[in-house]
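Input: structures, listed below.
Each of the next two complexes has chain A plus one more chain, namely chain B in the first and chain C in the second.
Showing the complex of A and B:
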């Protein structure tokens, strides 16, 4: 069980400052108990920070009450930017700056505008979404990502619950984790 | 995840008298309208002789019958293709709604019957190339004689359609037998059988549908050809089939059937409709754009009459109904899960593709054949657009009512979803996330 020891290396880098900066982690080895425990925790009113799984677990997002992503709105905005720049570019190049007579076709707004508009719409969406992904996940050059527990990249499931001073009953929380089948329960400091 | 919530029931659809009456009224009204349309249609087109004018009512009657029959035939065929593709892809999500495309595929025999009947009765009335001597005297058509002759034409159409009908019937039959004979969810006997047949069905279909589309619709304008025409035809049928499945699923759910089908399935069908509406547009634009840009007379000859008179209206109506409405109204996630909006967009797509079939067949079908001269090298007299009339709408009602009757009748023949399909639990637990 080498992987189980890896978390020792991954000890918190920052000093503990406030009690509100801490989380309690429960480590599991199967999606079913992760799902059941998460459901129990959310129902019990605990502040579930996040659940980390090596693959998508169906229904988990609903139980956690994850809100719908706004990425699709961003995609639409990027696409419209692409469409606008394509139309500006073609109109300027082929109708204003240097109109050419190609087989008597109209140089302003014709079916020949469709492919470029379509392609630029897609290009802007693709690049915009990748940019969005990096920004939302705070990924940029030189930054080391803080993985909650290195084993979630392999075969372990981690439930992270925020601990609030004087509000969270840590003993009861530990109890829920353990009865739910946790392999390990430990505290760690929140990053970011 | 919560297996305890799922109950696999043996649901039976009850074909109510109300629904029966509705489909019979549709059929009756449709037939009546078509007949009224036929007997009140006395065209007198400027520059046409009395004899030429006299040909038009029959051409229009048979043409309307052909494109309406073709429309419903490709819908039912693409429903069978939907099953074959999902089967071959080992898809799990669709199993809960599988009986709907299965029921739709029962219409294939009727649709093929209508198309073949029109082809037998009206080949020379509708198709310019079928007139005696045309193929030999026209230099452009003479090279196509080996392919485009009556014997080979009928052989192809009858052979292809009967093979598709047989495949669909076999897959349907195995699916129904599975409900009775299967020993449980781990029994894959019937699954494997229809997997193998689906593979050969799809392989054969891809090639034969090409020829079927060339024969029935493209040879209307025999001088013209387009290499993307088949894909474009398939897209038309495929989107219409998905839309029909989507609408029937909503209908059955609103009647309290299909307890394991959720908004998730509906959402996925909606995504298909949205995506394939764009696919259809891609094909449509790809065909139009190149011809428009290259401006070669023998290619433009196809689009020129379609951009005149009321055909021009249909031409732009096509893009509005089949692209702009689904694209902008169906883009949002909530729209695909909303019954009212879904029904509206679905109706628009079906009307749009009906209009698409109209535009493929009618302009060519209404043309008259004449002698080839230096002045008129194609030997075709173009008839100006006559618009949508009682005949077009009448046959839509007649075949639409028949389609509804056959499909709803077929739904009563088995459980509303396969209870022993190996993937039924996966389908019942289908979830696309937040």
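Showing the complex of A and C:
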């Protein structure tokens, strides 16, 4: 086994997508083995395409080297947009466009604007962030996805490793899968 | 993976595996509708027909169909509105606040509680529309450029704040609920046997594939949605309370209103959650997921929030006495001993006194009794709003304007009918969507390792019969 040939982690993902999309899948029935095997594979330099699980397995993302999502930054930006929109609208409507004399009170009153500003901040955050979430995951209504194995939404955990012709030692990979407690190991082609 | 404290009772009993969870929770969706479902649904739909009839009559005839008069301009309509909005709050509290506090028992009940939130807010919104008398002008509180002399809405008015608060609350709750549903909708999609079912659930699953990268982002947005929903839920009922508190009406003009309304909302919401789940867990055979431990925890919250509300009632009295304002003092004496004394004492009994039984362990562990108590809480909280609104208004500043309010049959029909609207939606939800968040429940049950040893697996050996495999 030539371990040098296994180091595919640094290959840019875009390039690989067009190279091949043949994968070896290890199917597991519990998160602990899935976690352990994923860790071992990443350490061993295999190109772990993704791990599919029925629920969020904590720590798996870190082991896979998934970078912390920037959705929280997006949320903050949207919140500020909401706040700015609300303040602009209220100030324009009640102090610039048509100031109303209500009991002789000034038209531009700070504290009264807090509730709507707050609500719009929340509204923009929720919709903006969730919109971004759908965009980065390429999720939209009616999308037909190629599910790796339909049991991953029930009770199975699937580790998918990209196989590169002449580079990935499939035998060794199978060995790791099986020793790690895989219920089933198989190859499949996935359209990415 | 995660540390489980041995002191805590297990959250899911019966030694369930992941597959058991899916099977148990999807059973009501995948089998033919049961007789009890048809009975409940038909009954709700009939009551809904009453609501449609009474609301249509109101819209056609006008608000003269109601018992309101010059002095009591708000009565059943706003009572029902605040009642339903309050009920909605428990859903957000359970899913958002308990998520931030890492209370894992929320996972069995958050889905149905959030559904309850959405349906309750729909009911509440219907009262806003109907109380306008001319619902086709419902867009007037929205700040739109218009041809009425460029007049904008009054941004200093809590009623305008309320429009923003309720619509934000409804839409954010809906988004939060839907985000939670997506992985479960994907589970249904992948088990679907009929074409229609496959198409519909595939459509709404948005191509969910269970990828760890997606889960990573999903966890992040769930946390942020919970983080923003928590102040949102507090703000919504605070703003609802400001509809009253910023006025000069004695009995309304008090600074205690926002926290007192929020506590009341949580109280009534948990009352309704208990009403639904005590029955639902038996009918849907979910006793292993919604355990006595869950009911116990909810009863404790009911007791706590009931006592908080009771404290607020007493504080209001004290503040009125201490303020030295005779109008304020009269308003409160009139509440307790005036013509509507019976509604005041119903409220006090149901909200302050009755929940104290939950100090006793028996009361918290007897389902039929919990159900009875949840109904009492619902009644009490409805009366609380009635007391606040009607008894404060019916004695005006000028005694010549004093009047009494009696609801008409139309108003009573709308109130009863709104329960039809609520339960029709709830029954549809139970039939077509999983009432428990499967993905979350699976993350808290203990892992069951397959009993075969390592190294025995071979290609496709363990694929179960009937388990379709892609690729």
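Quick note on the criterion: the second predicted complex is superposed on the first by the 167 of 192 C-alpha atoms of A that agree within 3 Å, B and C clash if a C-alpha of one lies under 4 Å from a C-alpha of the other, contacts with A are read in each partner's own complex, and residues count from 1 in each chain.
One rule holds for everything that comes next: a contact is a pair of C-beta atoms (placed from the backbone, for glycine too) under 8 Å apart; a residue touches a chain by one contact, two chains touch by 3 or more.
The structure displayed is predicted, hence computed values, not measured ones.
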item	value
Touching partner for A:125 - first (chain B), second (chain C), both, neither	second
Partner chain(s) touched by A:165 [first = chain B, second = chain C, both, neither]	neither
Partner chain(s) touched by A:147 [first = chain B, second = chain C, both, neither]	second
Touching partner for A:112 - first (chain B), second (chain C), both, neither	both
Chain A: partner with more touched residues, chain B or chain C	C
First, second, both or neither for A:72, with chain B first and chain C second	both
Partner chain in contact with A:93 - chain B first, chain C second, else both or neither	second
Chain A positions touched by chain B in one structure and by chain C in the second	32, 35, 56-59, 61, 66, 69, 72, 105, 112, 115
Chain C-facing residues of chain A, complex	25, 27, 29-33, 35, 50-61, 64, 66, 69, 71-72, 75, 79, 89-90, 93-94, 97-98, 100, 102, 105, 109, 112-113, 115-116, 118-120, 122-123, 125-127, 129-130, 133-134, 136-155, 177-186, 188-190
Chain A to chain B touching residues, read off their complex	32, 35, 56-59, 61-62, 66-69, 72, 76, 103, 105, 111-112, 114-115
Residues of chain B defined as touching chain A within the complex	1-2, 285, 288-289, 292-293, 295, 331, 333, 429, 431, 433-434
Chain A-touching residues of chain C, taken from the complex the two chains share	1-2, 17-19, 22, 143, 149-156, 158, 160-161, 164-165, 168, 171-172, 175-176, 179, 182-183, 186-187, 189-191, 202-221, 224-225, 228, 231-232, 235, 239, 242, 438-440, 442-443, 447-450, 454-455, 457-463, 467-471
